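Quick one: the structure is below, questions incoming.
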Amino acid sequence: MTERTTGPGTGLAEAGAVLAREAARFASFGWMRGTSGNLSVVTNRDPLRLAVTASGLDKGELTATDVVLVDAAGQAVSGGRPSAEAALHARVVRLTGAGAVVHVHTIASVAVAERCPEGIVFRDLEMLKGIGRPTHAGEVVLPVIGNSQDMAVLGDRLEAARDPDMPAVVVAGHGLYVWGADPRQARHHTEVVEWMLQLHLARR
Amino acid sequence: MTERTTGPGTGLAEAGAVLAREAARFASFGWMRGTSGNLSVVTNRDPLRLAVTASGLDKGELTATDVVLVDAAGQAVSGGRPSAEAALHARVVRLTGAGAVVHVHTIASVAVAERCPEGIVFRDLEMLKGIGRPTHAGEVVLPVIGNSQDMAVLGDRLEAARDPDMPAVVVAGHGLYVWGADPRQARHHTEVVEWMLQLHLARR
Amino acid sequence: MTERTTGPGTGLAEAGAVLAREAARFASFGWMRGTSGNLSVVTNRDPLRLAVTASGLDKGELTATDVVLVDAAGQAVSGGRPSAEAALHARVVRLTGAGAVVHVHTIASVAVAERCPEGIVFRDLEMLKGIGRPTHAGEVVLPVIGNSQDMAVLGDRLEAARDPDMPAVVVAGHGLYVWGADPRQARHHTEVVEWMLQLHLARR
Amino acid sequence: MTERTTGPGTGLAEAGAVLAREAARFASFGWMRGTSGNLSVVTNRDPLRLAVTASGLDKGELTATDVVLVDAAGQAVSGGRPSAEAALHARVVRLTGAGAVVHVHTIASVAVAERCPEGIVFRDLEMLKGIGRPTHAGEVVLPVIGNSQDMAVLGDRLEAARDPDMPAVVVAGHGLYVWGADPRQARHHTEVVEWMLQLHLARR
């Protein structure tokens, strides 16, 4: 079996170090308060393996070992007990081909989704180029899906709602899922989407 | 007499180091402006002893020795003069069994309590899991109590208003009291409650 | 002649180091954008001498030598050219007996003063204790005065408007002047006043 | 040929180090989210040469070598591929004689430009002195121009709209262009303009 790898390499500790660094960054922005949110990176494509941040820890204080390796169903292969949300990370990767997934609890995402439960429309923003869209593409919609504690249900909603040209979905009352080819692109997509959400709030 | 200990250990300096670190964190968020707020951790259960941050100091610059040991009534056992609010910390611990108490002056807590003097209602938020509540628990209420300079009065109000499933109370015109099993859980409860209060403000 | 000294000592470099540290702190909060604002500390009472931060420099990058010694009229005694506002610092010290003065350009002070040009009223806030007022003192007023480029005019307005129990004045369209017994107390007074102004904004 | 130089010197690496430091500062404020924005400094006047930050990188993580040297048309002379916006930087320098240009994506600039598409009026603000204007100059207008992906079009709009006494222009749906004699003055102009924009937002 040939293993194709993406992201920071196949080493779990190496992946854990990258995720810890990215998590500390998002935590410093206030996007992972409490112990909320989780990040993942694909370490192997066939069979699919993702390194996912460990559950229940402060996301500003992770170390390289605070990581769990999961399979395509989000079940632990090694490391500790993954968050239930690991299954959604794995599903996003299977659906989109992404190499990294960011899940953060931002106030702007929840507040704007309350105003726009049918989806959040952006238009005429240079920042759209940061998610690969032309600035003058007309309306671009960030989908909003209902929250659920059942990851299969949540995954079905994400699959039904997602736009192939928009690397993000808002879960109502919950937060953002964003993805990219690797952890750095996922970071930048997250920042761009959150910037547009904060602009939406600033408009009131 | 057998001493059961929680938190960072029975050493007062050790407790002081933990509280200094936590205080610096909250101060960096702007939640302890001036010299406001105070933190405590239980160092012994029987007899009850709490380490409480010293009064009148900048909460971003505490050292391990800027701490006072108080008894179940909030009276100093060793160290300097405690804040009058130490008595309320001790009462919260006796009422709730908590191992650590956070008192911070956040703008969101005061602003939202002015709008919702009868209590602040949250519902359908994933963040509720961060204080041990199911996301879809129906309405969850953060109690608001009137301020007082008399800690016995304030304690009575807290006792009458508190919800056993909500590890926090807002004191109107004043700030937040939040508690948890240990300093880290108290930190995470504080962050979760403040996140929900900031969301409330963002909704306007 | 006997010199009574307050603050960090009579050494200008020592005073400069304290002011640089305080300025870096305020700059990190965004209260000294551009090169705005200036800080001072009394180094001698008779004759009056104040160390004042040098003009035209980034307030986040000051060193211990970026300081000017001025007299009771705000004229340079040693060091470089002081800001014109040094004269107002000196006048505040003469009027109030303060040992340190903070002048910062905060957005909240300018925005709230536009809404409340006759003075900003605070009541029933625990934070009032941070400026030495009882929480339930009734109404406490932060004076607002009109801006001027003439420091004698501005000083007259400050003298006419100031409340002996309120260690701060807002200059409309400009920013905050706050004072205290020493640089640390002036810092804490500044933080408390700004906290109350930000609360005012959050109420909308 | 005699070369007149401004800014940090003719060395490209030296210019790159300055730009990396300035970019990290702006990124820490959240003004360069994703990989947005770019900074430049003139390294030679005749022929005109600008060092411009490299495209597609995280602006908080630039190093001294993440820089491209471009000519008066914004075409690369050495280094990698410049952003298309390098041509606008070069044009600003030719139009204004500036030694450094800052382009950042701030939320306030986009939000306020939506409300004031004909230009943003400031008056009676002490902060105006930070861009060389008297405080009581009457109305001062920050021009707003329509966005375009064609740098010649955008440059024509900037040339037609700019006010010689205002070292900044807002591009609608996009962000701020600000300039100054050198990177430090450009930084301070940027901070002053952004402060006034944030005040505008706070007024609602």
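As written, the chain order gives the labels A, B, C and D, with residue 1 at the start of each chain.
By definition in this document, a residue touches a chain if its C-beta (ideal position, glycine included) is under 8 Å from a C-beta of that chain, and two chains touch if they have at least 3 such contacts.
Values in this document were obtained by computation on a predicted structure and should not be read as measured data.
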| item | value |
| --- | --- |
| Angle, in degrees to the nearest 5, of the Cα rotation that carries chain B onto chain C | 90 |
| Furthest chain, CA centroid comparison against chain A | C |
| Where chain A and chain B are represented by their mean Cα positions, the distance between them in whole Å | 32 |
| Centre-to-centre distance between chain C and chain A (centres being mean Cα positions), rounded to whole Å | 45 |
| Touching two or more other chains - residue numbers and ranges from chain A | 204 |
| All pairs of touching chains, each written as two labels joined by a dash | A-B, A-D, B-C, C-D |
| Contacting residues of chain A [partner chain D, same complex] | 29, 124-127, 130, 134-136, 184, 187-189, 191-192, 194-195, 198-199, 202-204 |
| Chain D residues within the chain A interface of the complex | 30, 33-36, 58, 105, 107-108, 110-111, 114, 147, 149, 171-175, 201, 204 |
